[in-house]
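For reference, chains read A, B, C, D and E in written order, and residue numbers begin at 1 within each chain.
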Amino acid sequence: MSTAAYSVPVDRQQAEVREALRFDNVTCTFAGNGKRAQTYTAVSGGTLTIRDGEFVSIVGPTGCGKSTLLNVAAGLTRPSSGSLSVFGKKLTHGLNTQAAYLFQVDALMPWKTAEENIAIGLIFRGMPREEALGVARGWLERVGLQGHGKKYPHQMSGGMRKRAGLAQALALNPRIILMDEPFSALDIQTRHLMENELLRLWSNDRKSVMFVTHDLEEAISLSDRVIVLSAGPGTRPIAEFEIDLERPREMSEIRMTQRFLQLHTQIWDVLRGEVLKSYARNRV
Amino acid sequence: KDTPEKPELHIAAASTGITYLPMLVAKQRGYFKDEGLDVTIAAFSGGSKTLEALLGGSSDMVAGAYSNTITMATKGQHLVVVAAQVICPGWIFGVSQKHETDVKSPKDLKGMRIGVSAPGSSTHMAVNYILHKAGLQPSDVSIIGVGQAAGAVAAVRAGQIDALIVNDPSATILTKDGSLRPLENMRTADGNVKVFGSDYPESSVFATQDFIEKNPKTVQAVANAIVRAEKWIAKATPQQVADNVPPQFLGDNKALYAEAFTNSRRCIAQNGEITPKGAQTVHEVLAAFDPAVASAKIDLATTYDNRFVRKAAAEVQP
Amino acid sequence: MRAIEFSPNNSFTVLVTRLAILFGVLFLWWLGTYQKWLSPFFFGDPIGVARRIVEWFVTGSVFRHLYTTLVETLLAFAIGTVLGLGCGLWLALSPFLAVVFDPFIKAMNSMPRLIFAPIFALWFGLGIWSKVALGVTLVFFVVFFNVFQGVREVSPTVLSNTRMLGANSRQLMRHVYLPSATSWVFSSLHNAIGIAFVGSVVGEYLGSEKGVGYLILLAEGVFDINSVIAGILVLTVFALVLDTAVSMIEDYLLRWRPVAGQTVAASA
Amino acid sequence: MRAIEFSPNNSFTVLVTRLAILFGVLFLWWLGTYQKWLSPFFFGDPIGVARRIVEWFVTGSVFRHLYTTLVETLLAFAIGTVLGLGCGLWLALSPFLAVVFDPFIKAMNSMPRLIFAPIFALWFGLGIWSKVALGVTLVFFVVFFNVFQGVREVSPTVLSNTRMLGANSRQLMRHVYLPSATSWVFSSLHNAIGIAFVGSVVGEYLGSEKGVGYLILLAEGVFDINSVIAGILVLTVFALVLDTAVSMIEDYLLRWRPVAGQTVAASA
Amino acid sequence: MSTAAYSVPVDRQQAEVREALRFDNVTCTFAGNGKRAQTYTAVSGGTLTIRDGEFVSIVGPTGCGKSTLLNVAAGLTRPSSGSLSVFGKKLTHGLNTQAAYLFQVDALMPWKTAEENIAIGLIFRGMPREEALGVARGWLERVGLQGHGKKYPHQMSGGMRKRAGLAQALALNPRIILMDEPFSALDIQTRHLMENELLRLWSNDRKSVMFVTHDLEEAISLSDRVIVLSAGPGTRPIAEFEIDLERPREMSEIRMTQRFLQLHTQIWDVLRGEVLKSYARNRV
């Protein structure tokens, strides 16, 4: 697939800068409803770094602020304080044009068919329509949607929409990939196939990936590093784990290895604590 | 014959009722054409709209009330009547059936609702004048604009107004079935004199002084056609008249039209002239209520120009 | 299940019901005027109206009037829609200007435009353009308010996603705002068609040399109510034709919509 | 970042820009008529207009006219909105009737209602009710088309979910259709306010004994263009007041909406 | 919680009829786009039964037709042929009023806060508003959302919306519960808490549950029976497994038992075959 010619402009500083994304003391406070309502601080003092070419997974209790962090990384949410740097440059306004973002919720254009949705990003980058549709059809096949390309989003199942979204984001061949639970609506087998596909793509030219998931096994088996977020409100990264499993990895096999189980237990201990804390805190 | 400077002429008509017959007949019988004019008559929903069209430059001449030239003179606009179509306005001022017994003369109208074609129009002025002569103030009655057509008829019949000033054919319709009992009849020379004391020029054809100066031949051609039509009308039977009105100005009720014509024919001018006395009367009527008219120094002789119609009367054969 | 299925997809039942209503109303009208319950002076009579319409078309006298009015209406509709769409999109996408212009636009919308007819006559003459201008001032606002709101109703997620995919503002317009606002636009267009007709007829009614409004004005002056009604009916038919065209475009553009009863029936 | 922030939330900049535009237009108007570029016959002059407005309010002569027109407008607005809402909801929820009535509604929308003024006068008298009737026929369609479309735009999932939760049709209406159609309804209301004013003024223009339309007509009859403009301006101010009230209700009802820039700024 | 008084009317035949839901040879064919487009048969000849008081999980490859089956069970989608019976009565028109349905996608009313959303079903059933809000607050706590009750859906995270939807459906105390991947957006720990909660509720008065999931472990640990669907198009149930694990079950423990792993392997073998088939078929 020759998408490279249409990919996002390459930053000059790339070679020197080793950090794809850098969150500096990021705080996100949301306004409440009404005038006298309390604000809600979802993320507070979040400092973390995704190095260039690194695959980082973010795990944390539900509702802690993972999607919020991704929105900040994409430039869609401006932090209340703190800053985000993309390849060393502060992002003060506008979107993070280096990144592709797979949203947690459906975000396909309902008025376009699956293949048009996948092709549209390429068309935005100036690829001729026919060529873009050709590339899109290749992607459809890769995410197992061949034969469903002419369906509109409302005619697809939840898992199919997720996969179409995945293809849409990846087809752009961006330097940073932000993914919010991309595989949660898929059955395990399909999920493994997708995970393999993702890793294959990633290892080709080492994109920087920020990957949010609830599935700890998935996080470990895919990542270079797993970051655990604390329970909200005022979420911040509380633990980091380097995943020193060898690459290339085969999804269905790696989960049986000794080191994997070890890491799983370690991370799980931290994570469980946070979840219980979150649950308890909500329960009061 | 001289060819007109502006052969394609647009005339804005404030109404296309009986009092505009000379123009309509001239058009239908080809008199304009005979003078080398291609006349388009644009119908408007009221006198003020025709003036706006004239001053805005979208019409060349107006078929409308003479009083307009006086009002406009106070606004610094110099309009000149070149041919009168009527010598009396052709209005009936009457009370509705309901008040037939208690209103015997205009002074009994105190506190009642009086329909005019539109507030501020020449009918409104006339009503003011009639009330003034009867010793009433304008504020003693309410004035309602109901138009001259279906709206006016409906308003009288439904008893929504107590008195109405209206011309034909509505006047004929309303008096025939007794919905309206005339107090003043301005369709006859006598009735007209009783109200105004003289002729009362109303429907006429006018243009700006400018236009007349620049297009004397065109104006002459118009005057010729109008006078010729007036002469023809004077001799025609009501049936002939009805047959010589363009169908769209006639509707499908020729009998009604003929009857209305019979009632109003005394008003149709015979020679297109405006008399100084008539002009004086109109000015008085306006001056009684419009302070702008009362205070302005207007040389009435400049508001009409009988030269064209006199020349026409001398030359034209019906 | 029932002998007759009152379903919107059963075009036979729909047609029959429509005709029943149409002829019912016509019959009541006829009966009312025939029995003098309704004054024929105001309500004419259906037979006279029908005769008038036939006469118009047989003699061909109506065509130039009809042509004028249709041209005015179509122009007013087209220009008003394009302007409404343009301004609606433009303001919806520039929040500052939208807030600044808000009171001015609302003020203009609340001005009785009829009163401007003379000014339009001044600027555009007595021909079709002054009527078009009047129609445009009516159509514009109907479209404008809906487009403006429609653009703001775009799903924030779809919008964010498309922006992340690298769309520039022209592309956002074409691929997100316009498709998303389509149903808003068409809702306003259905209204605007009628309004455009109203605009041209009223414009003609206030002063013109031809057109159906002119016919109506003249007919009113001589109490020819049948011609008035005939004029209105002829226009109405054209309005419906135009509306059908708009509906067809709408159906095509909104073909991506979920429809009720998605499963194919066994018999199909 | 810049010295002046052109943000829609900066109410000072907004106000200044608005005033600048307002006075700019007034100045151009004044200059145009003063220099005779614009015919004072058609465009009056701003100072004369201002003097006229002051005079009206000082002598109090305008109040009974204003009162009449406002009452008519409010009634037309209220009745038209309620009817439009009612019919829109009703038809949107009965697809069969909607399809059947569709051409009739569109036909009625395209009828030039001005021409019915005599019939309204016949039915409703020459008092305020005939003007209200005229206004209602205008407002109704604007609201109707939007409500009708708004109801059909309800998210199918939310609708299914609410039906599964056991809502009956009245509850569906109240808890799903109405809230979901709210932005549609309000989009049409902003338009309808203006239209209601137009309706009453035009109605008065066609036959009345008081009201601002009457004032305007009277002034037109004696070519007092300043009074015409003064009348229009006074109405416009009231239209804006009414619109502000509608906007406030709208903001309250739509408080559940996501707003842009959800995070609280550091300084706040 | 005294919701019983407001619950759906109890069917007289209940005692005799042993089948809560019965799909009889159900086929669902969807129209394609445009006039000449092909139709797509998602489900074909689907025959299955959920007994009264039974907890049945449905698994199958993504896009095979699980949601479609649930829609049929809810009465939202009318099958092209075949029929659905609810407690022995054919459902020919209208919705299945005995059932509560937790949708796969977000279905909360965006104009109501979390607690209003949860209370609304009870209000529909005639419970006074204040009382219903009280019950809703109880449910908020149970799903770990205490303190978030005044948030509108767009202010909640994906997992929070899912939990609010869960509370909304369960608060009605229906006789049949239809759930479409209710826990897929939750982290494992929260998921276990929710699963336990669901099982506790279920065991109280033995509702009939039809549970769609991608997580085979979840399916096994919750259910009485697991049904595997074949790959689409023309999906049908191809295998059924009785889960004879003892109740009550504790989520975090049961997965370690011998019998569990055995069942897992059995079901997995069938399922994997289908997924691969589905993937291969799409790949052509």
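We adopt the following convention: a contact is a pair of C-beta atoms (placed from the backbone, for glycine too) under 8 Å apart; a residue touches a chain by one contact, two chains touch by 3 or more.
For clarity, every value in this text was computed on a predicted model and none was experimentally measured.
Chemist: Treat each pair of touching chains as one step and give the shortest count from subunit D to subunit E.
Modeler: The least step count works out to 1.
Chemist: Please flag the chain sitting at the greatest distance from subunit A, going by CA centroids.
Modeler: B
Chemist: Between A-C and B-C, which chain pair shares more contacting C-beta pairs?
Modeler: More C-beta contacts join the chains of B-C.
Chemist: What is the distance, in whole Å, between the centres of subunit B and subunit D, each centre taken as the mean of its C-alpha atoms?
Modeler: Here the centre of subunit D sits 39 Å away from the centre of subunit B.
Chemist: Can you check how far apart subunit B and subunit E are, centre to centre, with Cα atoms defining each centre and the answer in Å?
Modeler: Spacing between the chain centres: roughly 83 Å.
Chemist: What whole-number Å value describes the gap between the mean CA coordinates of subunit A and subunit D?
Modeler: The separation of the two C-alpha centroids amounts to 47 Å.
Chemist: Would you kindly tell me how far, in whole Å, the mean C-alpha position of subunit E lies from that of subunit A?
Modeler: Centre-to-centre distance between subunit A and subunit E: 28 Å.
Chemist: On subunit E, where are the residues touching two or more other chains?
Modeler: Expected reply: 30, 33, 105-106, 113, 152.
Chemist: Subunit B: which residues touch two or more other chains?
Modeler: Within subunit B, the residues that touch at least two other chains are 48, 52, 55-56, 149-150, 154.
Chemist: Among all residues of subunit C, which ones touch two or more of the remaining chains?
Modeler: 42, 118, 122, 205, 220, 258, in rising order.
Chemist: Report the residues of subunit E in contact with subunit D in the complex, numbered from low to high.
Modeler: 8, 74, 76, 95, 97, 99-101, 103, 105-113, 120-121, 124-125, 152, 154, 165, 168-169, 172
Chemist: Given the complex with subunit B, which residues does subunit C contribute to the contact?
Modeler: Touching subunit B from subunit C are residues 41-42, 48, 52, 117-118, 121-123, 125-127, 130, 205-209, 214-215, 217-227.
Chemist: For the complex, give me every residue of subunit A touching subunit E.
Modeler: Answer in residue numbers: 30, 32-33, 37, 40, 59-67, 104-106, 113, 141, 144-148, 150-152, 155-160, 163, 180-181, 184-191, 193, 214-216, 271-272, 275-276, 278-279, 282-284.
Chemist: If we count contacts the way the header does, which residues on subunit D are in touch with subunit C in the complex?
Modeler: 6-8, 13-14, 17-18, 21, 39, 42-43, 95-96, 98-101, 103-104, 106-115, 118-119, 122, 141-142, 145-146, 148-150, 152-153, 156, 183-184, 186-188, 190-191, 193-195, 197-198, 201-202, 205, 213, 216, 220, 228, 232, 235-236, 239-240, 243, 258
Chemist: Please give the residue numbers of subunit B that touch subunit C in the complex, ascending.
Modeler: 10, 12, 15-17, 40-45, 48-50, 52-53, 55-59, 148-150, 153-154, 169-170, 173, 248-253, 256-257
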